[in-house]
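Okay, got some structures for you below.
The following pair of complexes shares a single chain, chain A, combined with chain B in the former and chain C in the latter.
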Partner chain A sequence: MKKRKIGGNNILLAITVALFAIMYAGGCIIYADKGFTHFQTFLNVLINNAGLIAVAAGMTCVMLTGGIDISVGSLIAMDCMLMAVGMETWGIKSPVLMTMVLVIGIVFGLVQGFCVAYLEIQPFIVTMAGMFFARGMTAVICKDQVSIVSDKIFTAISNAKILIPFGGYENKKGIYQVPFIRPTVIVVLLVVIIVFLMLKYTKFGRSIYAVGGNQVSATLMGLNVKKTKLLTYTLCSFLTSIGGICYCLNTMCGTTTQAAGLEMDAISSSVIGGTLLTGGVGNVFGSLVGVLINGTISTLVKTNGKLVSSWSNIITAILLCFFILLQAVFAKIKESKKV
Partner chain B sequence: MENNVVLSMEGICMTFPGVKALENVDFHLKKGEIRALMGENGAGKSTLIKCLTGVNKFEAGEIYLDGIEGPIVNKDTMDAQKKGISTVYQEVNLCPNLSVAENLFIGREPMTKIRTVNRKKMNEMAAKLMKDLNLEIDVTQNLEEYSLALQQMIAIARAVDMDCKVLVLDEPTSSLDDNEVEKLFGMMRKLRGRGVGIVFVTHFLEQVYEVCDGITVLRNGTLVGEYSIEELPRVKLVAAMMGKDFDDLASIKPESSGDKSKEPLVIDAKGLSHAGTIKPFDMEIHKGEVIGLTGLLGSGRSELARAIYGADRAQTGTLKVKEQEVTVRNPIDAMNLGMGLLPDDRKAEGIIGDLSVRENIILAMQAKQGIFKKIPMAKQIEIADKFIDLLQIKTASRETLIKQLSGGNQQKAILARWLATDPDFLILDEPTRGIDIGTKTEIQKLVIQLAEEGKSVMFISSEIEEMLRTCNRMAVLRDGAKVGEIEGEELTQEGVMKAIAGGAK
Partner chain C sequence: MEKIKKITKMKLFLPVFSMLLVMLINVVYDIAAGNAPLGFFAISINNGILYGRLIDVLNRGSEVAILAIGMTLVVSASAGTDISVGSVMSLSGGLCCMLLAGYGMTNVSEYNVPLWVGMLAGIAIACVCGLFNGFLVAYMNIQPMVATLILWSAGRAIGLLLCNSNIVYVRVPSFQFFGGYCGIIPTPIIIAALCVAIAGSVLRLTALGTYIQSVGINKRASRISGFNSAKIILLCYVICGLCAGIAGLVATCRIYSADTNNIGLNMELDAILAVALGGNSLGGGKFNLAGSVIGAYTIQAITTTLYALGVSSAQAPVFKAIVVILIVVIQSEPVRAYFKKMSAKKEAVKA
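Showing the complex of A and B:
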């Protein structure tokens, strides 16, 4: 059998990875004196964006079907608020709350998925309703900022360090710093791997691509398009809830404005990672790299110290344009090469 | 159930909003039989097929399938497939973003022990299937890498490989060239030998007599009759479809047409090309001339037209329209110069399904006027009615959504769109593909009529006979290059075939 050609989509992913490498290397050179070269800086990007990685994985699945889910940011805020108030005011134990949050995610997704798949309402509208609902519920649960301090298990997980036996450095006082990650990072990396395998090797995963490629064809080929969509939206909200727990473990509080605009970060990460908004093309590893690129941009801006943090938005905007242009160019090339 | 019959449909009735689509239609198919389902546009062929495959819900009637007790009800296509009814539709219904192997096996992939898709085995099975059918295709590539014709072959391969009792082929040959059609027929005969019943929906009369055992004719949603091939020779078949005696299609070409080379030039292209699709070509078209483009599928017929029209911007050469040198950057430029193009892929490039017939007809005219000068409603209605009448577009009303029309009537509506702009030079890319013989003749007559009115037409078609009837001159294309022109005495079936095949000219 012939060796598989590198298709345009693989090139896109390669460009994304290369861009991340260049950006990171550039940061290392420019900000070497500010500690950018430390392995821990990279790990911090992972730790700070653990929630977003899980969300982006779910978002990628939804976008692969040609849909969109803009409720994820609000859902995370609701999850965080519920856990914070649950632990602090109602005195519920964190394992119970975490299970509750996951169940809420599934139910939330089922409702949205049902509206999109079976009632055939535009996903944008459905999830916008979901977005307002979840954000509203957050304020109904509690209007103030609630910090999580009392739950021992939750605090323990939040503070747990998983040490990495290499890549350390000595700080200014000469004490050796061992690099570490949080348990959330392990969880979301597992999520990415599982979603990747699911997309590639299960009937459900392949159905997602088929639905995004051509919905009419998928129906005619005998696939259950509606069920696929329903499950995809459910999966997305479920993964968002996992992301919500990770997010909460990182911030240790619930506020009404938490994770505002996170849905856009997830979408932009997916697009930068090579997922087409029209559906059918994309890869969850690309989205992971997309999140890392977004994270690196904001780290770079922060490390600089003089720039306003809004600059990271502008850089992300430029990158998005760049990637959409690239996608268009590759689509054109493909068209002209057609036999 | 009668012995030997694999499928019988009894008294099927179905209504669409405002239209009785099927009324008391019977259909019978024997094991190992290839039965043609014939009828004009809107006769109800596609609707009947969709009732069979569970896409449409019918209101009355029963379907019996060999080996299953009692009447069957197919909830959806998957259900129909499970019972042994596989379908290949006119438009390729596969997923361009998946690999060929996946397109062949999705929904029934080989699984590993841990219930995941066994990609290796799937690729092997796909490669073997392609080899059996003599198709040279790398099954790990995405479907979109291959041409429309190959995609169609893959769609058929998918249906063939399902263990089916009944195989429905809905216009499968309309995008295939002769060679590929022959391959498909080979496949069909092989399946017939295995006892599969095949329903073959087509507009090509030759193909019916080449491969079918029986013919079922529908007209206006009712059954005309079920015949064996012997009892229904060509002329009778046409008569049955049209519902009237039909003088054969020959000689609609008036004698007076012929040499137009003295007429002024409308289009004068020198060395136009578009990288990757069409090599540099010269083309002269005179006023009132019908020029045919012929060549095998993929030889660059459509691409040549697109280069003139600016749909693919020409990268070299010069174009003169009515003796004026012009640059055509995009279709709007071309339209303003009095050109019109009827694209061959009407689903992707032509119709806008959610607009009404009127709006679809007005579209090009409005674009030409500029979007800020709205055409008054009264005028729109007048124009729409005029063309619905002129082209006999079968529609419930002028405000019906165009997607509810049958394929041939959609095609007529798009033709009306361009006629409404009153172009001097009209490019028709496969205007008669997938439409019935009566409409075909009408369109051919219309082309000749347009030429007599002093308009120039570029006519692209896979059917040589039809081109011979309508064209004054034909340009021959091969492998993305214009290789010659034929006119006058050489304009015969044989002459054209020779020119297409190349070699000794």
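Showing the complex of A and C:
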């Protein structure tokens, strides 16, 4: 039996899991009377953040290569608006629109990936331009809020409940409530598992780690660094589009300000989940825990009822800052050990 | 051909060229719309104040011009951009109005504290934000954009908290003065001109400009030559914060209220675009302040032109994003190498 060493990166992940456990347990104790202890509350965190989980999975891949993609929030807004206007105004059926959105995601990612990989422009600049482009395009498609009501397939998927046979509770009227999840949760959990397997066992996944770890040695190893980067950005935008569909199924509308600041949530989820900003180290399951932490923060703020929603923004930013500093400290310790 | 090459190689070619291009588009648009062909340049005095589209561009472009000063230095020294400036603008405006009106008030016509206390507090908080960003970048070695991402999200949220999620109106003439008119000239123009003059003379008369460029070109070499690289980078971020604070106050005084949700929204893009348009490389190193300032007014001219063409403020980012991408693509190494190859081939054919 090989003994596994606990390195700095595993410590980061362990801190994250512990933080989530403490936060959730704390919520259970403080807000026990407000229904925080029910199993459904936890499932609701999953349901409400389904889109974010898919986006965080893509973001983790990009951050593993040492890049970043801040266009995801705006891309989701554009997807939602396109689907809402497509169904309500243009009368296109939802399966066609979903395919269209996924294709747009791939094209969007290809363009961004090309600029980053082959034109060697800083990822932040490229994706920031992408962010403003997508946000502007949302307004070009339609300036008003559009609610989705007419498409039957889409509404049916949105309202579908998958019941879970355990963990129910009796509400105040004494009726037994069966806990449930939405189909979107199944989809995004599948995405996380697939991305995890891809990163661990495929050639592409391993070259992502190699490129992020050290670009020069990856090139010397004979890996096609540019192609890997291009495909990673494409994958991220594709997963973001899947996330956009899930997001749209949750909100059932398109507005120009939708998913504002979602890129921040996705990045902080990845960072909190143990992905190094410099690339090369990280794990999709860590990002999943990161999303759950983010979701728990906003649920706690909502359950409190007295706090303004901007508090959840501030707390997330503080957490992000804490973990970034932690990473920097770990990196410094590592460097001093080398010397 | 040689002459054209000489002109395109000049420092201020890109900003001046794009400025002229925007003006030309305006003239063409005016002729097509049946207005006076030179309507863009017409300046008149109505009701005792200067009036005209050019004045409008200069007036509305003040914030971007002020931001561009700080952004230029940050880009030059750390090869990264400060994306928190928009949020910091909103935060400084929010704090200023909160102090002037008193916490929880939404509409006042008298100061709660003296004007200078509010203004100073707004600028001070912006400097603190710059200090925070600078500390993360210079001493913790975090990529600039990730470090500033924290305040990009938190700055606006804190501003909202300070204003109790309301729009705080301060209806006092002396407060409105800074966003209104000083005699016949709009005050923001004067403030922007003062900022540019001070920054320009400090950079030219002291060695600071050289230090910043040296750190931007090679951080380690400058450290070995005896500069305190980290301190210089920190200073650049503080200056950028200061500029964001001043710009935030100008934007706040203009509408005599702290609309924390909208002040400085998407402003970081404008500021970065101004720096790129000014002919500065986003990869750091040498900078050109005059270029950035001209770039800033060009951005405003583009925005005004877009509005005149009937594009809404929510749609305008599409065009700006395309311009940014075009500029950085032209600046990128592989494209430059490709063009060099092409011209070399041409010459080879000639020979």
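In this text, the second predicted complex is superposed on the first by the 328 of 339 C-alpha atoms of A that agree within 3 Å, B and C clash if a C-alpha of one lies under 4 Å from a C-alpha of the other, contacts with A are read in each partner's own complex, and residues count from 1 in each chain.
In this section, a residue touches a chain if its C-beta (ideal position, glycine included) is under 8 Å from a C-beta of that chain, and two chains touch if they have at least 3 such contacts.
Keep in mind that what you see is a predicted model, and the values were worked out from it rather than measured.
K.L.:
Applying the document's definition of touch, where does A:317 land relative to chain B and chain C: first, second, both, or neither?
P.N.:
A:317 contacts chain C only, not chain B.
K.L.:
Quick check for you: in the superposed arrangement, does A:135 touch first (chain B), second (chain C), both or neither?
P.N.:
In the superposition, A:135 touches chain C alone.
K.L.:
Looking only at contacts as defined up top, I'd like to know whether chain B or chain C touches more of chain A.
P.N.:
For chain A, the partner with the higher number of touched residues is C.
K.L.:
Touch check for A:303: first (chain B), second (chain C), both, or neither?
P.N.:
neither
K.L.:
Scan A:281 for contacts with chain B and chain C and give back first, second, both or neither.
P.N.:
In the superposed model, A:281 contacts chain B only, not chain C.
K.L.:
Could you give the residue numbers on chain A that contact chain B in one complex and chain C in the other?
P.N.:
Overlap of chain B and chain C footprints on chain A: empty.
K.L.:
What residues of chain B sit close enough to touch chain A in their complex?
P.N.:
55, 76-78, 81, 87, 89, 92-98, 102-103, 106-107, 109, 115-117, 119, 123, 127, 138, 140-142, 144-147, 150, 158, 275-277, 298
K.L.:
Residue numbers of chain A touching chain B in their complex, please.
P.N.:
That would be residues 1-2, 4-5, 7, 197, 201-203, 206-207, 209-210, 212-214, 216-224, 280-281, 334, 336-339 of chain A.
K.L.:
Spell out the part of chain C that touches chain A in their complex, as residue ranges.
P.N.:
Residues in contact with chain A: 80-81, 83, 136, 140-143, 145-147, 149-154, 156-158, 160-161, 165, 266, 269, 272, 282-283, 312, 314-322, 324-325, 328-329, 332-335.
K.L.:
Chain C touches which residues of chain A in the complex?
P.N.:
Contacts found on chain A: 68, 70, 115, 118-122, 124-126, 128-133, 135-140, 143, 256, 261, 264, 267, 277, 308, 310-311, 313-314, 316-318, 320-321, 324-325, 328, 331.
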